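You will see chain A twice below: alongside chain B first, and alongside chain C after that.
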Partner chain A sequence: MEQQYIELYKQHHESIKEHSATVMNTLRDGSFTLFEKLGFPTSKLENYKYSDLKEPLSIDYGLNINRVTIPVNPYEVFKCDVPGIHSFLFFVVNDAFYPVNEPNNKSLPNGVIIGSLKEIATTHPELLKDYYGKLSTTKNDGLVAFNGAFAQDGFFMYVPKGVVLDQPVQLINIMRSDVDFMANSHNLIILEDGAHAQLLVCDHTMDEVRFLSNRVTEVFVGENASYEHYKLENTHIKTTNLSTLLIDQKTSSTVLTNVITLHNGVTRNSIEIDLDGEHCETRLCGMVIADKNQQVDNFTYIMHNKPNCNSNELFKYVLDDNSKAGFTGKILVAKDAQKTSAFQINKNILLKKTAKMSTKPQLEIYADDVKCSHGATIGQLDETAKFYMQSRGIPEAEAKLLLMYAFTSDVIENIRITALQDRIKILVEKRLRGDLSKCEGCIICQ
Partner chain B sequence: MSEAILDQVTQGEYKYGFSSDIETDIIPIGLSEEVVRLISAKKNEPEWMLEFRLKAYRHWITMEMPTWAHLNIPEIDYQSIAYYAAPRKNAPKSLDEVDPELLKTFEKLGIPLHERMALSGIAVDAVMDSISVKTTFKESLNEMGIIFCSFSDAVEHHPDLVQKYMASVVPYTDNFYATLNSAVFSDGSFVYIPKGVRCPMELSTYFRINAMNTGQFERTLIIADDDSYVSYLEGCTAPMRDENQLHAAIVEIVALKNAQVKYSTVQNWYPGDKNGKGGIFNFVTKRGICKGENSKISWTQVETGSAITWKYPSCILLGDNSSAEFYSVAVTNHHQQADTGTKMQHIGKNTRSHILSKGISAGQGQNSYRGLVKVNKNAENSRNYSQCDSLLLGDKCGAHTFPYMEVNNDSSVVEHEATTSKINEDQIFYCNQRGISTEDAVGLIVNGYAKEVLNQLPMEFAVEAQKLLQITLEGSVG
Partner chain C sequence: MLEIKNLHANINGKEILKGLDLVVRPGEIHAIMGPNGAGKSTLASVLSGNQAFEVTKGDVTFYGKNLLEMLPEDRSREGIFLSFQYPVEIPGVSMVNFMRTALNEHRKYNKLEPMSATDFLRTMREKKELVEMDSNLANRSVNEGFSGGEKKKNEIFQMAMLDPRLAILDETDSGLDIDALRIVANGVNKLKRTDNATILITHYQRLLDYIVPDFVHVLYDGRIVKTGGKELALELEDKGYDWIKKEVDGE
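So, the complex of A and B:
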């Protein structure tokens, strides 16, 4: 499996580099060597215990090494919008940043730079050099190493000191190809001290072919800065989405991530948070609604390296049909990270006998003055609550729906963009009614 | 201030550390096919037993030491260990024939053999190093058809039962240490409770490691036939030693239809001195199978000793409506490390399991809970509730939890919760205010914290266990 990519790199590394930026190329060979050593992760690895990537990785994907521009009108795909949301809108087609002329984007505050990583690496190398690869190169992970070797472009966002973005930034990833296709992109997000930004990432697929996206996102959150990351996944069953989100938090910063998987093929979300300053606040939320043969694995790892930080995790899963899902919630409290509080909840509902759920909360604590807890449940909808509703004339299907909707509502409450929250509410309800899973491909709005 | 108390109190020496001079019969160190044959020959074992050992040995040489546990295990040279040691004077018929030194050893431990027999009515099968020295109350148990004897006796007198059930729960290929044990196991206990019999007394063995440089490899097999009940106790204390000793035991429990087995352990092997020197390596495989319908297995363990503990008493819930329980208190102090927990495999319908684990870390101890709850597709309506709490005393220790939950059907409920926190300073202050010293206060709080588990122990053990907790931990305030 790995061999074809190793050969590919050996033969074409010149052209890979030619179509990328110097900053990215400096780390490329190192990443490749690491990938050669590690290979793709298998479920034998502890961190990938619940991700079965063998099948999706065995497909013969095409790669767009020579950066051929793919003709696409993103507005055609992206017919739907989150109604009422005012955002700065950007597109990434496969793995390349797609320049569009959005009138609203002109009102971005001064100094804020958003664009193609490749281009900005050429125009502002000084901005990137202290950040690019700083988190990803420390990871001993096959997928991240693979990304380091093959990613040529991605999304870049820079918010200077004290600048507050009053509207969310919306990033639409569009997968468009006529053949089975693999996209590797590297995103870099830098928030300087006191900055504030919200990023909403949506995944869309256009074609009926097999897609695999392997995305690494590095986020640097400065002192007193606050960052929110929302990821909405609503693609088709042939899509494999491997995403690694690496966040570094400085003193008194706050971070919220909310990862919502409504429809997909195979999903693996790794979220690793490095609390690198005191008084940090971190909240990780996630929701999975899966059926058919969907496979979802959320892997989270919070490193409490400094004292007085708080972290909170909330993940909820509703699994139907033959879906298979995993959750890992790893929390490390380092030796001197006193006064840490770390809480974690993972609740799961299995609707069919054939659905599978595996969960693995994990606490590693080396400090004594801490408050840590985790809770996990795997079960069904509350029979008595269902009966209560039925006895009051609510049909069974509707009662089930209400319960499931209520079950997921606290994850939705952790969305701090009102328009998005409303939108997700509708999508979740639609999804629970089965409307969304009936369709193949991204036709959210139909 | 607290530093001073911590130092003062956590420096408590191992109270039961001594070494008694009993002649032992040791074979040369090292492990080879010849040694396996020698052990088997020394024990006059039948051919099938030797075959089993050799099969295990041949498999063992292809295996590697597991590294997945959250433990820092120093390199163990398996060729520098003597695999067999037996007191020379075998099988005495009465107390008079028992080596007086041995009796003194038990007396020093506060568990004089005859006193135990007289006062508490416990039948004690004392395992001194590797061979069963004395089996008591054998006669009265015999009358009920209960077989309680050393493993070698069982091999000799009840080969059909041993052949049928040995390695049926822990196969010789199970894991590195279990395979090692299968090849070289010295002795252990064998219990068979016939159909419909309720064992009238708590069965008990005391294991002690006594000879220099001898790993002890016991093997225990408990079979509870239909509608029977037994409660089995195992307690361990070991003398002080400078070199690490290896202890790799196997315990197998088979519970048939409607049978109930309760297995309790207090483990207090030598933990090493306060600098982390010496101590026992305790790598034990314990597993029970609820084979019949409505059967029940309950594990209770109090782990205070050993330098390194690697132990996961587990249950396979095969019969419909069967249930399993796991109660554990694990304490690590000084440089002790423990990676302990349980596995609950739900296979039958309507199976239930309950896990309650309390970890206490002090000094530089590292304490991990590692557990798996797996519900198979056909284990409908299964239920599990797990709770694992950790208490931290001191800023250099660590507490870790690694629970795994895997559910493969839609009618089972699995719940897990875990908390980790520091010992409550308000409670200590409250006690101090009322004239209770910090040491005693910690003892009180820890015993209260562990009470739910200690309550599961039979009375005689509960007292000993409480004392042990206090000795291991007294006043380790962080």
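So, the complex of A and C:
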């Protein structure tokens, strides 16, 4: 199945480059050569053990290499239903950054630049050149290499030194196509020293065709900067969502990521954190609620390269029906990374015997003065708690619901945008009740 | 209101209750005492509908209805309340949410509208005062990180909120210091009316200094072997259970 894309690249690499930017094109052929060598990842690879991508990758998807305009205005069709979120709102339609609708966006603080990666790579190449591909090209990963070869655009955000964005930035990825479609986009986020930003990424699908998105996001977090990355997935069952989030942290920086899958088809989230300075704080959280034949694999890799950093991971899954999910918590503590503390928890509830969860902590520790712990549980709901609630008159079904909701509550608490937290609480409750949990603004996403 | 006839119950195939009889009428307080392993907590568990216990023989009716056929939640909504010996911690479920859900399920069962938020909060406040409960506890997860005393106060608080016709207090005095014991007992006494009843399950006489029973029953080897007035409790405190064991085993 790789072959058709290899042929496609060989025939059309000129067009791909023509519709992209020089900074991106510089690395393109190298990425392609790597992809030719690696191919798409299979579950035989240790890092992809719990991702079964064979079927979704075998579909004959269309690509929009010549950047034909997609006839949709997201500012008109998309109404975010997180009440009171007050965000700076941006769209990527399939794999192209959608032109900013000025009246809808309040002016950004001084010096902050948000826009199309392709355009800014052309108008401000000096901003990107030290960052673009710096993390992604170090990865020996077929999906990342594929993205490097085919991505022509994406979302770009630059927050200069000391600037604090007091409102979250919201990036909506909308998939819109009449035929089965693949989108490769590359996002680049740069926070200079002391900057602060929150990014909320929402994935939506608009049409009932097969979609595959393969997105790579590189984030550079400067000294004393703080960055929060929320990913909320609410897509349909025919969607394959492959997302790689690569973050580099400098001294005393703080990062929180929270990836929430409420509804999807096949999802793979890779989150890799490079702790590239001392005294960094990193918190990775995630939640999955899946049923039917949904698949979700969250792969995390934290590289403790420097001493005195703290990392924390908290992932919770509620799996029903024939859903299948995985979690990998890979942690590397380098030889000199003394006084590292790294904690990891993955808890899972299986509501039916047919649901399947695989979980794997993977710690490689080369320093001797470290505090590391990991815990993973796979179980059912707490029967004694359920009985306690029933004995107070709460019917069994309601008691189960309250317990599932409670189970996910500590992940929800790790959402530091109040309006979003309130909304997620409601969406999760609806989802657990079996009601449609789609965002109201989404046209089709059951 | 409650009639237990020849009740036999097993756990993991082992018979614990071996023909227990008991009748409770409105307005009465019954104390059930007995040595460890006699079946006191099994009785509480069976009455509240704990699935771990299997009833093999006998009948239990509550106001004429067959209690043993009811789901645990229906027993509660019919007016039976069990104060747990070991209250369960439920991380992530707030006391407010838990209590509002429970109370409104009771109201729904009795064909009443859900209680308004204002009325609910006022009721919570009143009932918290009854057991001198720290008001912060209500905002926390159910029993999570509560001390032993706080957990027991919380049981009586829930009892006050749900206003049962029959309260079964399983070893409510265990693990309580003297101040907490006084507060808990005081709460129970204030909730006492002529139309409700209480079963106190206890190992020690101590609680009965504060809550005065109308009847004291001795449970031994799965049956009630002796019934008397409140003076029986004092006699047990004084002499222990050995003389009862001898009486029964010598039969």
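Here is the rule we go by: the second predicted complex is superposed on the first by the 428 of 446 C-alpha atoms of A that agree within 3 Å, B and C clash if a C-alpha of one lies under 4 Å from a C-alpha of the other, contacts with A are read in each partner's own complex, and residues count from 1 in each chain.
The criterion applied here is as follows: a residue touches a chain if its C-beta (ideal position, glycine included) is under 8 Å from a C-beta of that chain, and two chains touch if they have at least 3 such contacts.
Just so it is clear, the model here is predicted, and its values are computed rather than measured.
In the superposed model, A:L363 lies in contact with chain B only, and not with chain C. Contacts of A:S373 after superposition on the shared chain: chain B is touched, whereas chain C is not. In the superposition on chain A, A:G84 makes contact with neither chain B nor chain C. Taking chain A as the reference, the larger set of touched residues comes from B, when chain B and chain C are compared.
Contacts of A:G62 after superposition on the shared chain: neither chain B nor chain C is touched.
Listed in rising order, the residues of chain A touching chain B in the complex are 46, 335, 338, 348, 350-380. Per the touch definition, chain A reaches chain C in the complex via residues 382, 384-385, 387-396, 398, 402-403, 405-410. Listed in rising order, the residues of chain C touching chain A in the complex are 48-51, 71-73, 75-77, 82, 84, 87-93, 97-98, 101-102, 105-106, 109, 141-142, 158, 162. By the touch criterion given at the top, residues 68, 70, 377, 390, 392-422, 478 of chain B touch chain A in their complex.
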